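Two complexes follow with subunit A in common, the first pairing it with subunit B and the second with subunit C.
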Partner chain A sequence: MSAVSTAEQSTYQAETKFGRFTDFVDQRVGGSGILKEFGRKVFPDHWSFMFGEVALYSFVILLMTGTFLTFFFDPSMAETHYHGSYSPLYNVEMSVAYNSSLNISFEVRGGLFMRQVHHWAALLFVASVSVHMLRVFFTGAFRKPRELNWVVGGVLIILAMAAGFTGYSLPDDLLSGNGLRIIDGVIKSIPVIGTWISFFLFGGEFPGTAIIGRLYVLHILLVPALILLMVAVHLFMVVVHKHTQYPGPGRNDRNVVGYPLGPVYAAKAGGFFFIVFGVIALMAGFFTINPIWNYGPYDPSPVSAGTQPDWYIGWVDGALRLMPGVIGAVDGYRQHFEFIIFGHVLTLNVLLPALVPAGIVFTVLFTYPWIERWITKDDREHHVLDRPRNAPTRTAIGVAGFIFYCVMWAAASSDLIATHFKVSLNDVTYWLRALFFIGPVLGFIVAKRVALALQRKDREIALHGRETGRIVRLPHGEFIEVHAPLNDYKRYRLVSFESPKPLPAQPNSHGVVDRKERRRAKFSTWFFEDRVAPITPAELEAAHAHGHHGEVESGEETKSLSH
Partner chain B sequence: MKALSLKRRHPLAAIALLLLGLLFTGGLYAAASTANQAKADTQSYSASDVAEGKKLFVANCSTCHGMGASGTQAGPSLVGVGAAAVDFQVGTGRMPMQMDGPQAQVKPAQFNEEQTHQLAAYVASLAPGPSVPDAHITDGQGDAAKGGELFRVNCAMCHNAAAAGGALTRGKYAPSLHGVSSAHIYEAMVTGPQNMPVFSDANISPESKRDIITFLKTIESNPSPGGAELGSLGPVSEGLFVWTAGLAVIIGFTIWLTSRSS
Partner chain C sequence: MGNHSDGSSTSSSTVATAGQHDEGAFQDPGIPPHRPRLADKDPKAAKRAERQVAVLFIVSVIGTLVFLVTYFAIDLTNTSTTGTIGLQNMLLGIGTAFAMLGIGTGIVHWAKTLMPDHEVSEDRHALRTEEDRQAAVAIADTIIEESGIKRRPLIRNTLLGAVALAPLPALAVFGDLGPRPDDKLAHTMWAPQNGKLKRLTRDPDGTPIKASDVTIGSAFHVIPEGLNELESGKLNEKAKAVVLLMRLNPDELNPSKGRENWAYNGIVAYSKICTHVGCPVALYEQQTHHLLCPCHQSTFDLTHECAVIFGPASRPLPQLPISVDEEGYLVATSDFHEPVGPSYWERDEHERRLDS
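Our next item is the complex of A and B:
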């Protein structure tokens, strides 16, 4: 025992003053242990892995600029008259909240810049979260053991949308009030309890005098706290699971190939924070965002043309725009999607578009890891990612979902599409309504075919090499195109993937193939029946053996290796 | 008198009385209020202007609007539209119309100022109608804040709160008001061209119209304090910008950061 305790006594004597200081801290806090553990975390290098970082940095910028804005913003809906320096609003009656937003923009030094940094960072935050999610989906990074982290990511994007929407509503300008009115309408369309919820939320009939203060509390306290919590859980799980990596020589499910956090990634990530900050600051410095002075104070009667939510709520707004209010006519009477049942109005023309598409998107998003796991019966851990083309059906499902989202997203700007492309607004709506149903199906088919075609191209290149574009005439008159074979590293990427065959229905522990299992087998067939098998070593051998233009090839090979 | 009093219990007496009452109050209102009165053209046009205008009209407009501007299947009657309508439609190049479509579009004006003036003189001579505004209305010295309020309540739903324009149904649209002259803005309000409603003097007084023009000219001459306006189209252009320019720059940096020197 005594030997151990003496070993624990540090005999290290720092030479410099700074060294003694850090040693003092280290002996009491134990920072070097943490640094040793984290500093050795290895992260693989790929540009597509950095969107999560962009989101995190945008969020940090949001917290900093948001704190600044809270110093000057007053979330009161009391009425006042504007006496600031923006003359087109001088002496106009408005809420204190809008007045303080205008004062931030025109009277507070640097206030407009901070507001614009905050808003651009918010748009970039949700955009980078979305791109990060797309990357994770299309590379299969949500598979075991990361299913729960995928769910945390899904919660994060909902929270990001909530943070964005509550913030969008705070300035109490015409645009934000119109947005709130739509939310109020959607809430009121919920059967039976809708009106009660609306009155509870707004403290009486819309717009009331309470909503801005309430949204403010949500925006600066509850939602950011939840985001921070979820970000902590998200990052903790990244540390536990370690980072995924793209397939490559020497990479497998038991290792991570890349650079350590310290010093390489610490420097890169630290620098990248300032790059993101710089890009956002440049956007905020040179490009107007949310010019609240254009919109005027909120007043329930006017609705400006071109009233849209921020981009991340656009798809829900688009769904509302796509929904027909009238479904044809029966005996000359227009049939509305609105029914009165026991004195309660059921307005399906609001309820359906507001809840159903979002319900579909988020249900599929949250359950997808388990859906795929059930179909494939794949219970192994995956740390090496799929290239999207090597999982054609998953890629196709992702593209179908993406198009479903994008059609609604486009519908939110249907009026601007009409004016800028000089087409009829009605035609834009009709086309988008058709695409709402047809688009995902077409997207699925096309994406799957493209993925399979790319796999075949990979197969060709792995077997016969890269087409050089050089045409050579042989002595007996035949023309051939010279193919340059790949080096081993490049070829590895093209051949090292799994292409599972459909898994037939398996008997359960009683030796019975039950109905659910037969259904799963059908899905498995659907998922895996179209496949391009990876090249076997024997095939590669055969392809090279029949290469009768070996001499030409060898010359090319040295060239391709030399760069 | 006796004959009248004998018929006072006639079944139609009540109706006759009601009609008389309506006629009386309506007449009194019309006499007292000048709001809806078709104003005689205050601007004076010489006889030669009218004569020259008629020649231009016959040569260029009568195919659709008919001889004497009384209208045909292809174009409406112009009797009573006033000089303001001519100055707006011809002055902005909308008329003569380039092609059939959901609405007449702006193009370089076909007639010079003098010819437009002559055409206006001719049309104004047919019947009284709204006239070209005087310099006071279009001087841009009204109350911009009041004009802004009126603009948001009356105009923004089609023209956008920043007057950047917006879509209407079936290919029609409310154009952007940037670069539109003060006189043309006023004339559009009083004549209601294309799909625009008429904002009569009872609806928005001439002084209020002056305020609206002042507001539009104020926001036009003051660039956005926040930098480039991205078309003043609201969140759509902002979202498009962050997804294209913003994210493209960020992706450029990520590729740079993760590239290896080879």
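Our next item is the complex of A and C:
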């Protein structure tokens, strides 16, 4: 292409100092296009959009504190004796990794603080990724054209858990060592290759002397690099698609309404980074997390009661706890869940809970956009979000999945629930086993009914206005509560949603309704049969005509806004 | 077109009124008119907001100073206690929190009170034009067509085969990540060495246990004699060999055939490694004679040879056959008769070999 600065010298002179600086950079690197594209790019604003930001910012904080920690951490499993300032462990035999973790905590000024920030930020990272994902699901933000970005998000949550778990194990303390041992036990249950994978992972028998170094490489190199890559792809797609927006007056699938990036949105989002950092710093300053010096170095013999994994691993651990290994009495009928098949061991009591629930959750998670698309036959682009109540069946599916997850998560604390509420541990487990199956079904039914009820409430308000709390006595003695009609903007918020009807089976190109299509139609009925339609102007007209005295009398409050 | 470069309040309600003009749907009234904030109308309020922002930034400066003072004034020496470290950690936290929250809340407050807050609308553009869309498909088709991959299945299939096999070396080079498992999991340190039976010793100090020390109702955490003296691989051996030793009334034990002489005077020894996923089964309930794994709550009944009575484990804990030597110390008469710990694919094979 033609050179940037040849013969024709522009006479343009920026007037302000900052303008001249911008121009200087622009003339050398040509950033004007980027600035023009992004400088005033419009971003919709909503509190629920912040979860993704929290995730991004906690990841940045993780990178910063993590880098600091690598300067002092030594991932070796060689044996050493502790000679640091924490007297209870003086001269205790331990690994170099644990020793250096103690030194970071007690010898390096600010080291404990960095560890605390790192750990809290990690917990918050996975939490915010999860909540962000829930937000995206319940608002239908995964629909076309964002299905692939939803998948990238699913990969990110797996990577986030992987990053968390590999990091959790590094200090080589008693607690994390037991966690690794559980992982080893689960790996060994894998048919055919389990024992080999275990030996390859640990460089021999558990615990060996290799695992910490290997996890360290995964934790500080491979996993964060993959997360960075995925975050870049994730954000790139956000730019390509532009952000979704909540429904409301002036918003539709063809526009994006919000604040310009510079200065307002950038200031809010940028300022928010510091707020996230500040909150994590407060937590790190005041609340101890993972006090490894209390646990002691890893030793295969002791274990403390009430041990808990970090929260995001809880659901997998809980699933392990829920599965019964044996059904029946010791001296009566007995069914084991470990089977010997052709001389080989199939230990379903470990394999099933380790694979099946996670398998269900992630399979549904990754395929859901396509499942819903198939059922609804909706091939349109969606940039306006659904309020969760306006998609009752999807919301119910989400709640069912959430409860499925939470039951397993609660099961990871079954012993603490038992001791805290002074109930039998066995009973807690039996209840949770029942809830594992019943909970999602109940959750589905209740959530769907709640969503439909909220939709009906919206209809009521849109038709008859909001309750003002003003009781008026009419001349003939009747008491009524005055309802104030909504203005156009508020009403539009309540009526501007789609409520599709079930889509009957359609003939294909040969004019035949095939079996698959009939099945789809059944799903469509299931998905859409319970529906509350938004009110129409005619209905509103009718409601007014019926003469709700209250409304008519208190009409002064609105209208005029539409000049 | 959107008017996003403008952002003035007069125009914000004029854009994007194009609702779907469906029959029977409400028409989109457009973006609600901008409501001026206090600081937009009242210069005094604007000045006040400005000062608030400045105060927040100054709070940040103070936070930074608190951090620096804490860092340099509280020195960690060998005499510093956990109290000092806790105090330093807390003050560093407070300093950082103020430094960060001061900047963060200051900027957000600034944005919310003083920067223009007109919502503006911008058009979404299609990801690509309809022509581009069709052109792209045509190009993709042309590329495939010109490559001839569809017409020449021989090339396609051999390529697929080659590409499928090519990563195998990349897998194979990981072959030295670990040794072959062989039957390492089937053996522990309890096997008698050169005909000498291993004594049961206390965990962690390794002192031998006399049968007479074990009173009814007591429990010992046990490691094999010689474990602490191992030069290397101590944790690996310990991870398999740890044992729980308990003494019950002999009448309460119900040994199965062939195991009658595995206990001594009501003293029994069981592997401490849970048969579920390998946690140490560390809790002994004296009254009920139950052993409980604190990780996943598998419960084993000592009176029934540690059969599983609750929880996710499926197999009983392996029993270590014990006796006493001539000095009255407890010894293991042999290794475990089955592999300890969690199940694995080859476990049954190993068990049959150990039993014979």
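Quick note on the criterion: the second predicted complex is superposed on the first by the 524 of 563 C-alpha atoms of A that agree within 3 Å, B and C clash if a C-alpha of one lies under 4 Å from a C-alpha of the other, contacts with A are read in each partner's own complex, and residues count from 1 in each chain.
Please note the rule applied: a residue touches a chain if its C-beta (ideal position, glycine included) is under 8 Å from a C-beta of that chain, and two chains touch if they have at least 3 such contacts.
Everything numeric in this text was worked out from a predicted model, so none of it was measured.
Asker: Figure out whether A:Ile438 sits in contact with subunit B (first) or subunit C (second), or with both, or with neither.
Answerer: neither
Asker: Which chain makes contact with more of the residues of subunit A, subunit B or else subunit C?
Answerer: More residues of subunit A are touched by C.
Asker: In the superposed arrangement, does A:Pro260 touch subunit B (first), subunit C (second), both or neither?
Answerer: second
Asker: Between subunit B and subunit C, whom does A:Val350 touch in the aligned arrangement: first, second, both, or neither?
Answerer: So A:Val350 only meets subunit C here.
Asker: Could you say whether A:Ile182 touches subunit B, subunit C, both of them, or neither, answering first, second, both or neither?
Answerer: Only subunit C is touched by A:Ile182; subunit B is not.
Asker: Just checking: does A:Val239 make contact with subunit B only, subunit C only, both, or neither of them? Give me first, second, both or neither.
Answerer: neither
Asker: Between subunit B (first) and subunit C (second), which, if any, makes contact with A:Gly306: first, second, both or neither?
Answerer: The answer is both, since A:Gly306 touches subunit B and subunit C.
Asker: First (subunit B), second (subunit C), both or neither: which does A:Phe272 touch?
Answerer: The answer is both, since A:Phe272 touches subunit B and subunit C.
Asker: Applying the document's definition of touch, where does A:Ala542 land relative to subunit B and subunit C: first, second, both, or neither?
Answerer: A:Ala542 contacts neither subunit B nor subunit C.
Asker: Once chain A of both complexes is superposed, is A:Gly296 in touch with subunit B (first), subunit C (second), both, or neither?
Answerer: A:Gly296 sits against subunit B, while subunit C stays out of touch.
Asker: Show which residues of subunit A both subunit B and subunit C reach, each in its own complex.
Answerer: The answer is residues 105-106, 112, 116, 268, 271-272, 275-276, 279, 283-286, 293, 299, 301-307, 414-415, 425-426 of subunit A.
Asker: Given the complex with subunit A, which residues does subunit C contribute to the contact?
Answerer: That would be residues 2, 4-5, 7, 13, 15-20, 24-26, 28-33, 71, 74-80, 82, 85, 88-94, 96-108, 110-112, 115-117, 119-124, 127, 174, 177-181, 184-185, 203-204, 221, 223, 235-236, 238-240, 242, 272-274, 276-280, 282-283, 294-298, 301, 304, 307-315, 341-349, 352 of subunit C.
Asker: In their shared complex, at which residues does subunit A touch subunit B?
Answerer: Of all residues in subunit A, those touching subunit B are 45-51, 54, 87-92, 105-106, 112, 116, 119-120, 123-124, 127-128, 131, 174-175, 268, 271-272, 275-276, 279-280, 283-291, 293-296, 299, 301-311, 314, 412-416, 418-419, 422-427, 563.
Asker: Which bits of subunit B are touching subunit A when the two form their complex?
Answerer: 102, 144-145, 147-149, 152-153, 156-162, 164-171, 173-174, 215, 218-219, 224-230, 232-243, 245-247, 249-251, 253-255, 257-258, 260, 262
Asker: Quick check: in the complex, which residue numbers of subunit A touch subunit C?
Answerer: 40-42, 85-86, 105-110, 112-113, 116-117, 145, 178, 181-182, 184-186, 188-196, 198-208, 210, 240-242, 249-260, 263-264, 267-268, 270-279, 281-286, 293, 298-307, 317, 320-326, 330-331, 336-338, 340, 343-345, 347, 349-350, 353, 383, 414-415, 425-426, 429, 488-489, 491-492, 495-496, 534, 536-538, 561-562
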